[in-house]
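Okay, so chain A shows up in both of these, paired with chain B first and chain C after.
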Partner chain A sequence: MLAYVLLWMVLWAMVGGVMTPRIYARKDLDVANTGLAGALMGAALGPFGLALLWWRSPKLTGRWLATPGVLAVLLFAAAFARTYPGNLCVSNGSFVVTQVVNGLILGLIYGLMALGLTLIFSILGVVSFSHGEFYMIGGMLVYYMSVVWLPGLNPLVALVGAALITFLIGVVFERLFLRVMNTGQVERPGEYAILVTFGLAFFLQYLTLALVGATPKKAPRFLDYPRLDWPSPENPWLLRMRAGTVEFLDTVSIATPRVTAALIAMVMLLILMWFLYRTWIGKALRAVSEDRQAAAVTGINPDTMNTLAFGMGTMLAGLSGASLVQVFSWVPWVGTLASARAFVIIVLGGMGSLPGAFVGGLIVGLVEALGAGCIPDPQRAAAYIPAYGMVILTLVLLLKPTGLFGREL
Partner chain B sequence: MLRSRRVWWLLAALTALVLALAACAPANVQQVGSPPAAEEEAPGEEAMPAQEEAPGEEAAPAEEAAMEEAETIKIGALAPLSAPGSVTGGEAMKAAFEIALEEINEAGGVLGKPVELILVDTAGQPEQGVAAMEKLINEDKVVAVVGEYHSAVGLAVKEVARQYHIPVVFAETWNDDITASMYPEVFRIAPLSSEVAAVDAKFIASLGGIEKVVIMTENTGYGIPAAESTTERLAELGIEAVTFSADLGTQDFSAIIERIKAEEPDMILVLVTGETSYNFEQQAAEAGIGPQDIPMICNQVAGDSESYWKNVPDGNLCFYRRIGLPRALYTPETQAFAEKYMARTGKADVESYAMEAYDSLKLMAQAINEAGSTDADAIIEALENIEYQGALGTITFPVNSKNPPEAAGVEPKWWHQFPKPAITMVQYQEPGQDSKDAVVVFPEEYKTGEPIIPGR
Partner chain C sequence: MKRRLVLWGGAALGILLLVVAPFTFLHQAYLVHIGIVALFYAILASSWSLLAGYAGQFSFGHMAFMAIGAYTTGLIGKFVRLASAPTGTCTEFPLGGWYLVLQNATGPNCLERGMAQMPPGSLIVQPPILVGILAGTLLGGIFGWLIGVLVLRLRRTYLALFTIGFSEILRVAINAEIDITDGPNGLELDPLFPNGLTLFGRYFEPTDKLPPYFVMLGLFVVSMWLMSWLASSRFGLFIRAIREDQEAAAALGVHVVRYKVLVFVVTSMIAAAAGAVQAHYIGVITPNILLILQMSLVISMAVIGGLESLVGAAIGAILLEFALEFLRRSFTIGTLTVDMTTWRLVFFGILLMLTLRFQRNGLIHPLLERITRAEALRETVAKRQAPAEV
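Up next is the complex of A and B:
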């Protein structure tokens, strides 16, 4: 059943994706987003939706994209439920809620990391291949500061320390190796940036391996939550908090280190948004990302902004690693998969788009959690986790190459 | 002016980077593909000043190479020293190789010549393993190869060994097919995956009251067949098994753990290796299905107690499998090696793969000595007849060309296979317990205490 529905959806999505731009072009209308709208409409409503779209040829506002998008997801979900009635994602509501909450929590942290990558891209025009290594270093620094060098140091203080150090490494690296891109001393700045950040990634990973060894590290949880039952100790159906777990609504149980990490990510996101939208320097950063020359004319030094952006980007990666070192075991190559995921997120959200990185993080977190939770074959469900992100990436590149929030080319 | 200042800055920074790398690299990192960096410095090198190689020497004239060959006996070694391989395992093996090499050279080397060990990184990747093996054979001209940790690499490398007719003693590759293809060049001292599965299944059945087991395995040449053979063995004993698998390097297991919870297993068996297993075990404990909630056989890396407790603080009552003689039955050889190994690494116990690495090299050295030459056929014949006393006990290869599997009435997987690596099941019974104090709970003959079964 599911296979037939999928085949039907893919077939009409292809027809819609290919034909709609042509029809709009023939009618001399704006072709932006027509491929995506056609594909979504075809997937959701098949020939009927396409006939409506082609006949009316409306201006493609968000509503024309969102409605068929939601319908297509619902159609897929319904077919899945009919095919696998016993699947936990169909029969067990609390399982689904748990997966969604887990996905959103990890998505927040992925988003924080991707935000750093997209910030660097939007201002320097460089895709940093060393982003995952800063994630790794952030975690290592918190571990070493709070466990080895200064045992007993509050991990939240160590977190700030890790943020500062990753920021400084980023600043120094930008001054030494990336500044030359803007002075005309490098013949092919794009390729140069890829190679030099790639080199940095290897350097940092193997240097860390040489310094700290391969034994996995893990910081103890940052916060022990107080014992709390709400609304009443006899019947804590809304919230039940213990040192190691938090349980909502009697069903969703989350380990407290994850909750802490998600709270840290949220606070950082708020601070970052405040910084970028409310302070002079933040506005200057955004101005440089919009138009470098125009920003320079108004008295903003683009080189300083480059340094600042790279430092902030590496700091965000460092912070997401720092907040996760209490959740996962930490080894020098832990950044490799994380940085691959960050690339997927920023392409999905739109290269250089800050809200895009955030929303992209949440989407990837959700899809990974639901994919691993719902794929019927237990042998494959978790083994395919890295692939789920790639499937979304492929779809986005096919249907909307600029990403969800990307600037139109 | 500005331009030249920048160039100086860059040069200075580059020099600093190179110096830092040069200072750090030899301690832990070997890379394949760049011969000078890939060469492991032999610890007994002071005794062999002639073989110091300068970069670029691979273009040395033939007679020089021949002279060098005459001065030392070169043995190749494979181990995963970078991700995605198990670097923890690789580094333990490296330390063990160094101890074995020191002992061999102190005892006068092999055939009266010092042994030079060339250790190459396989990163746990079959293609990198094949490249490493070809480099060892073609560039370094080794006479034999020992080691390796990952089955996937072993499966690929045995083909190269066959092609070039170079004897190999595999240390820690468990996949049955490695010996089952019955190549004359291939020997193994690690246990067979299917035999380990049988021990796991018997142990699970011995606990009583277990009807359903969840197997959490890794998506590799070791993990998938190991899960399959365990499922078969469990089915023979009337126990149902459900397998979940994940890639090595997976950090987040929350979705899978919720699914495992819904299966309501009576027991969990973890076949994922390395830090990935720590991630799974601790997250399972946080979700309420950890070793203190239901019986769990953790991965054998739990044997590194210091790192286990740091990464799995809620992991008390975990069972784990230990390969090699239990402490009470240590031979003088095991004891001597264990002391040297613990002194060198600062660890509280010896991991099985360290013992296997140590034995693989010493075994090969003894075989070459007994063969009286570095000819491959002579070494293979010596290996078939060997009786070697080492850290794992007395190693022999009873199923061989004179006693093939058909004649011996056994399956082909027993070809050139060390038949009796002792396999025991151990349990941590106190939080923070040292692995050397952990209680041996299975099998009967090695038992030092009763298992504590959570929830009973």
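Up next is the complex of A and C:
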């Protein structure tokens, strides 16, 4: 049944996506977002929704996009529940909640990393293809500092060290290789930036592989949580905390390293928001992203801001890697998947949009967690995890290249 | 006129060198093997330079088209058979007096069950390798057309992201669909000449390296000829115009959509053909050829050779492939063992970044320009000096 419903949805989404812009164009109306609205409407309500859309052809506000979007997701969920009544995602509520919370926690950290990428894009106009490598280096540095070089070092100190080092690498790279983009020393700077950051990714990944080898590393958890039962030790229905897991309401059980990572990400987000909106340098950064020349006129040096933004971007990637090294095992090529995910997030959220990166991160985290948990054939589901994000990326690029919060092109 | 002579002479000399090379002191199986791989990368790097350097379409999905070619011919070899009588158990289509049989991927093999019911003496044959390679090339072209149409609206970064996405989805799907593609273990393919080959009275084993070398060399020469012809024709002019300024090109009457799609189709067909031949030569194809590393190698070769020069990219690929192979040897300084299998790639990355930063036109391309334009340079200098003497 699910297959038929999917076929129906995809078919009408394609009809809607292709035909709606033409009908709007024929009626001499604004065609912005028509492809997306048509596709969503077709997926949610089939021919009826499309008939309504084409007959009335309303001005496409956010409501005309959100309502069919939600309806389409609900329709899919209902069909899924009917087809697989025994699936854990349908029959077991606490499993779903656990997956959702885990997805949101990871999404928060992915969002932090994507925030770095979007910061770089909004100021340099460059998508750094080496972002994932900084994520990997951040994790490696924490592992080496707290386990190999200085055993017993508090991992949180190592975290700060990793942030500083990734910041410095970013700054040096920007000064050596990206500064020339604005001085007219390279032709076609946009393409130069793609290739040179790609080259950096290649270099960093193999340098790390040559230095540390291919065996997976796993840092011990940063914090051991105290044993805590609440409201009472006999009946801890609200909260049961152990060194390795935290359980809320007897249903949601989360590994503590993930909680620590989420806390670090939240603190970093707050610091970043404070920095960008309350300090002079932060305001200068945002000014450069709005209008480079106007900012230069008011006495902000755009080149310095470029360097700073690139360093901060790489530092955010390093930090998210550093906080996840206690959750996942770490190999020199973890960055490839992470950078792919960061691309998905910033395209979904809208290139250069800070809230977009955050919301996009949460969505991608959710989709990955639910996708991995719910798809009936678990082995195949696990194998397809890297593809979910890429499917989102492809769809967004085709239907709405500006993303959720992006400026119109 | 002189320049044209130099170009043709250079091309003839280069081909002659490549033809004669395996019969000279270089006649060792290992060296011929590297030669085949180098030619394979040369085809990929030069077709990528046509796509990225000439047309300005920075696609990171070139290896995906290569893999489509390779997997198509591999899957045809694994699943498609021609039978002289209907099996009754498989999916099959009549084809002339024969039947095109598709075997099933899961469950008991339908062909083996069907053979029991077939009339005695009926034949089951595998389609020839050439058919698989042609089908792979064709499918590569179809996917190139599809991707070309989908990315029409996307530029630069968006295009790069989209093509990475396409390549990754393909890699993950091949990895996951183990029943069909054999997943990470890799799909096994027949050699290019499964029954060996007799040429000029000499018999070559199926594992002999010389026939695949000449097949790859032939493909290389044909694709280089095709691409140079395209690049020097109106097509090349138009795609360079689109690269420089799409709107201006369209305003001057260039059919932007047609040429953008066409360049995708041509380059992906060439990549797919190279992939199909290479897969048959190696004998196994794994999803790892879709890793970003492989794409980085092709990009580095094209950039170091010369992004906007087909011949430069090809020579760069051949030189770098040999360099990579000879740098494989690890060595020891005192107690420290340097594992060159990884470090050579580190140096490669540094070389790529430095080339991009300081030698935008690559390392090989300016040398070629010097040679082919030496005469023009002398003439210009002579012309400039002539009035001074008067």
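Note that in this section the second predicted complex is superposed on the first by the 409 of 409 C-alpha atoms of A that agree within 3 Å, B and C clash if a C-alpha of one lies under 4 Å from a C-alpha of the other, contacts with A are read in each partner's own complex, and residues count from 1 in each chain.
Assume a contact is a pair of C-beta atoms (placed from the backbone, for glycine too) under 8 Å apart; a residue touches a chain by one contact, two chains touch by 3 or more.
No experiment lies behind these values; they were computed from the predicted model shown.
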Fit or clash - chain C, chain B, common chain A: clash
Touching partner for A:397 - first (chain B), second (chain C), both, neither: second
First (chain B), second (chain C), both or neither touched by A:383: both
Touching partner for A:180 - first (chain B), second (chain C), both, neither: both
Partner chain(s) touched by A:192 [first = chain B, second = chain C, both, neither]: second
Superposition-derived comparison: chain B or chain C, residues of chain A touched: B
Which superposed partner A:81 touches (first chain B, second chain C, both, neither): neither
Partner chain in contact with A:206 - chain B first, chain C second, else both or neither: both
Touched partner set for A:14, first chain B, second chain C, both or neither: neither
Which of chain B and chain C A:100 touches, first, second, both or neither: neither
First (chain B), second (chain C), both or neither touched by A:244: first
Region of chain C that runs into chain B when the structures are aligned on their shared chain, from 23-31, 77-85, 293-301 or 311-319: 23-31
Where chain A meets both chain C and chain B, residue numbers: 176-177, 180, 203, 206-207, 209-210, 336, 380, 383, 386
For the chain C and chain A complex, residues of the former touching the latter: 52, 56, 58, 150, 153-154, 156-158, 160-162, 164-166, 168-169, 172-173, 175-176, 291-293, 296, 299-300, 303, 339, 342-343, 345-346, 348-350, 352-353, 356-357, 360
Residue ranges of chain A in contact with chain B within the complex: 88, 92, 95, 98-99, 102-103, 106, 176-177, 179-180, 183, 185, 203, 206-207, 209-211, 213-218, 220, 244-245, 253, 255, 257-258, 324, 327-334, 336-337, 368-373, 378-383, 385-386
Touch list for chain A against partner chain C, complex: 127, 129, 176-177, 180, 186-188, 190-192, 194-196, 198-204, 206-207, 209-210, 336, 340, 343-344, 347, 351, 380, 383-384, 386-387, 390-391, 393-394, 397-398, 401
Chain B residues within the chain A interface of the complex: 3, 6, 9-10, 13, 17, 20-21, 24-25, 27-29, 82-84, 87-88, 90-91, 219, 242-247, 249-256, 258-259, 262, 274-275, 278-279, 282-283, 286-288, 304, 306-307, 310-311, 313-314
